[in-house]
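The two complexes that follow have chain A in common; it is paired with chain B in the first and with chain C in the second.
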Partner chain A sequence: MKKKIVTIISFFIFFSFNSHALIEVDITRGNLNPLPVAVSPLFIDSTSENKISKELGNLNIGLEISTIIENNLKKTGLFNPLNQDAFIQKPDIAHLKPRFEDWQLIKAQALITGKVEMLENNLRIEFRLWDILAGREMLALAFTTVPNNYRRVGHIITDKVYQRLTGEQGYFDTRIIYVAEEGPKTQRIKKLAIMDQDGANTKYLTLGNELVLTPRFNPTNQMVTYLSYFRNLPRVYLLDIETGVQEVVGTFPGMTFAPRFSPDGKKIIMSFAKDGNSDIYTMNLESREVEQITDHPSIDTSPSYSPNGKFITFNSDRSGYQQIYVMRSDGSNVKRISFGTGIYGTPVWSPRGDLIAFTKLHKGKFYIGVMRIDGKGERLLTENYYQEAPSWSPNGRVLIFYRETKSGDQGEGFSATLWSIDLTGYNERKVETLTDASDPSWSSLLTK
Partner chain B sequence: MNFKVFIRNIFIVMVATLMLSACATKTATLPGQIQGDVYTGTDTVEYLAKGVPDRVFFATNESVLTTASRDTLRKQAAWMRANDSLSFTIEGHADERGTREYNLALGERRANAAKDYLMTYGISGNRLSVISYGKERPVNSGSNPLAWSQNRRSVTVKAN
Partner chain C sequence: MTKSIFISTFFHIFMIILTALSLPFMRRAPLDLPAIVSVEFIQIGDKTNLPFAPKAKKILEKIKKEQERVVSEQAPPKLVKKEKPDAVPLPKEKIKKKEKIKKNKQNPEKIETEIRQVSEFEKKEIFDPNQIAALIDKSKEETAEEIKKNNKLTQSQDKSIVSSGLTLSEEDALKAQIFGCWSVPLGLPYNEDLLVRIKLELNPDGSIVNTEILDHARMNKPGQSFYKVLAESALRAVKLCQPLRVPATGFERWKDLQLNFDANEMLKG
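The block that comes next holds the complex of A and B.
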């Protein structure tokens, strides 16, 4: 697969205030009053437009990019992008210096303007973020890249705007890896699929000849670890997304499963089932050294490292039912942290380090929730017939997970879909995919 | 005459209704097909040979063999002893009401429970391999207690 890293040749910060902005977006609560923001279509001169049309086909790139930004902002639930039909000023003039009264009139509090040019064979895109009430520029940046990367520029602009207005890192220039599903429940066909966070650019990484499950990115987003039933031997695999090269991880004599990377990307942590008992192991990808981390006659699985790599959370049924535990990364000091009523599984450590997201089953309902790393402060974010396997956005503000519907007696009405919800418990949204989907995993920011 | 035809038609309709409702009850949970959460029916069972069922069923979250399961596995062991050129794969499965990764481990545990029992009845471990499918390969795609009980299983399959 073609590597799609943006080549940002230049990245100029021309002007930026970092204090005294009037606009502030509070992201700690569910936001009931999303900030009205106007995203002006990016201006493009006719010469550049002709050149780009030759490269990308007939496409209004300025409008495309502004639409990408609008959709990103809208999906956060924190912003309310205003209808472009109401805009009074032309994009080129607004980009030079907006007439703030015109934008106040349509109740915009922030305005994004921009300009696209074709320089030689590269796309140069600049944008500005304006504070309408204060009547001044808050941020201005320019990027140069190959024309094919225009969608990513839209995502990077959203990241910069989000960061400037909320004070937190964005999560828009990211991808989701997941399992694409089709066919009846009894013979489901599953493929690894990857797409941009907004659902664009879906690509399939396996053909569906063998069952694949639980893909997860490495920290640089170039490798994926997952479970494959290749030749009917369920084993943890490693896939290089760029080259498509796959290899089995280790030479275990039985099933390996539930893999994840360590935060430094050097190890894979997973379960290995031996004589019916599953324990947690790591394998160092450089030295190939295998280390057994847990040794208990219960099922120990779904391990996830803390972001500093010093701790591991996992689930175990050593108490009789699945519960969540935390231990040091060498396997010492195992402590149970979930004590609520119900069964707890799939713990995942937040990228900020302070929370663990999980799946909970209680009285026939499935919940996605979070708790602090000592198990206190449990909050259930969403309840459903079936849902599991949360994965964090890189800024630790949003969780993506999958849901399955209840089927009828013949399996009719079954579907598997991806959903996201904010850490606040608000802003639950379906994540659109081309097929049924499960086991989502969110990448880190592609441009750091 | 007309009246006779009318009565006959009514009779046909009634018989048809009875047959339809009999079909409907068959797909729903029949009392006696699940005991203590374990499937005891034979709807999904296949046979390795005459009188040798291929599968055993488990309670939710359990890998303990029931009396009926042990009986089935003893029949399998006897048949395996008589057919010593054959080897087998024991597939472990879970129902859909659990997290995917845990269910993989649970299926593995169930398949091994069956394997261990066969080994205590003299079948060499070399002839028996296990594979867990977790909840990935249900036999009954319904979302109801009967379907789930049929899916919590370990199935012995000829491997050669």
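The block that comes next holds the complex of A and C.
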């Protein structure tokens, strides 16, 4: 027995010494420079080109799609699309088999090539993603669609590329609904508007004769809920964007605020004031049953479900100042999670489930920030004179919100604009809209 | 009583075997032991008293002495003794070889430590490196060949080598180079382990023969798709950087190199 133990121990020692022989070097830093990507214009042969120009007018569709992809990638802040003038290889040959040395020469690390064809009356668009340094293909896909849907194909390609290179879902084939505002501050006309996430294809969904507020996307489909005043009474509406069909969910006595869908899209959660006291309610969209979730003499507003539907975050002034709370979806186990100085509001649970975005007011400044769901790790991403209403991109990486500028006594110099910022806090961008805009809400991916 | 002893022993043995089998070093490819040992011998000789001097002094001295260093006399005994543990687990064949060499020793001055062939080797090397190579050739041909190679390299060039691993400056040079090449993917999740270990096989000029992701299995696990992205970024960095800034000497030491790419610090702050 002794011998055995000795053998085992010596065996053990042998290996433990042996294991030190390989030299290890820890690389704990890198550069945060965006990844250089070359997006070659998509190749199109002359017969297809003729057919397409009949459908879409004189449009270089290959270049158009590559530009859409470039713009999308650039806006993420994670990629640096290289100037097409520097490209050495022609699109058609590059799509078959790129000369990787040529692309390495211009410092590209990834390359997107593609081909557009007209098959009968449909557009067939294929693309390939190449790893230049490894010298191999990473991804290849083809899509078929009607010709005037080419912009969406550009967005879908970006989603696929983004997912392959970053490991997380993209957010490009999405839309943003917002309140378009026109006119002086005292007499604003507010219309519901929707656009692609890159600002193209803006459409107005209401006429502007009624005040509209807080549009919110259903996370499972293209339905929208919003608040509109009809004869000075707020009503919660449902709108199907695909069909344009609109219906009233219900008329509630007193003020109603901030309707929002549950993650399964079957309920609406909102707050309304009854007898001067705001509490949180849900309404089942099928049975139209209303259920009271909180019952507290303080003001509870801005509810938002966690992605698994088990918890609700909301803000309440039950501690004296407005702070953020989390509770179970049946209203039990209420816990305060924000403890910083200042006033916290509009909590929104990330679709990824790990963070809660909020607006914070502290010493006359507005901040958009995120904290973990237990309230720890608070990070303020951006500061401004007035900004609020963050809404998450479907992958939980970017927030869109709106800002208002300071105006004079008569409302001069006033403007409201949409902005986006990612979780790093460095990539802040203005989202271009045709008119002034507020209260944005980001849709889920149109194709999954 | 005997029963409980039996059970206790059984479980102890079981635990030891389990630990031995599950420890990660078990998976590493067998290393070329003779080669590594021979390189270390040269380094110890070269080092002389350097390990006690600060880094700057080391470099100055290096420049001064460059080619005509007399090594064996200055070798600090402590450092050489450190080699002991490495010598213990060597295969039997290897140990026998050492004993042979020990017996061959003629200069009593140098028989201070267990691994005397270090100093003997060094001293002779100064006079005629090829002869030394031939001497060792008798005990083992393979080793001799390795040493010949190394002699050619080490004789003419700067020898800033610590007995195992890279020196600080060598490591810094390599790190600095790779820091510049590695674009950390910014879309990685914050609540995951962001470490990827890559094993490289290198040419003497620092170009890459082969790369291997050590936790390859993790790539295909559900919810770990980011790991593939991270691993690919590390591979890109290595490829973008090649040829790597490796030390001019001691190829045997670093021909297999492991790089641990750790994005935790970068992204979590």
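One rule holds in what follows: the second predicted complex is superposed on the first by the 414 of 448 C-alpha atoms of A that agree within 3 Å, B and C clash if a C-alpha of one lies under 4 Å from a C-alpha of the other, contacts with A are read in each partner's own complex, and residues count from 1 in each chain.
Keep in mind that, in the parts below, contacts are C-beta pairs under 8 Å (C-beta built on N, C-alpha and C of every residue); 3 or more make two chains touch, one makes a residue touch a chain.
These figures come from a predicted structure and were not determined experimentally.
Shared-chain residue A:333: touches no atom of chain B or chain C. Touch criterion met: A:32 reaches chain C, while chain B stays clear of it.
In the superposed pair of complexes, A:408 makes contact with chain B only, with no contact to chain C.
Contacts of A:273 after superposition on the shared chain: chain B is touched, whereas chain C is not. Of the two partner chains placed by superposition, only chain C is touched by A:109; chain B is not.
Contacts of A:251 after superposition on the shared chain: neither chain B nor chain C is touched.
Looking at the shared chain after the overlay, A:397 reaches chain C, while chain B stays out of its contact range.
Of all residues in chain B, only 27-28, 61, 63, 96-102, 104-106, 108-109, 111-113, 115-116, 130-133, 136-144, 147 touch chain A in the complex they form.
On chain A, the positions that touch chain B within their shared complex are 184-188, 211, 213-214, 227, 232-234, 254-255, 257-258, 271, 273, 275-278, 299, 301-302, 315, 317, 321-322, 345-346, 359, 361, 364, 386, 388-389, 404, 406-411, 414, 438-439.
Within the complex formed with chain C, the chain A residues making contact are 1, 4-5, 8-9, 11-35, 77-78, 109, 131, 133-134, 162, 165-168, 352, 354, 397, 424.
The part of chain C that touches chain A in the complex is made up of residues 9, 13, 16-17, 19-20, 23, 25-26, 28, 31, 36, 85-86, 88-89, 164-166, 171, 174-175, 178-191, 199, 225-230, 232-237, 239-240, 253-254, 256-263, 265-266.
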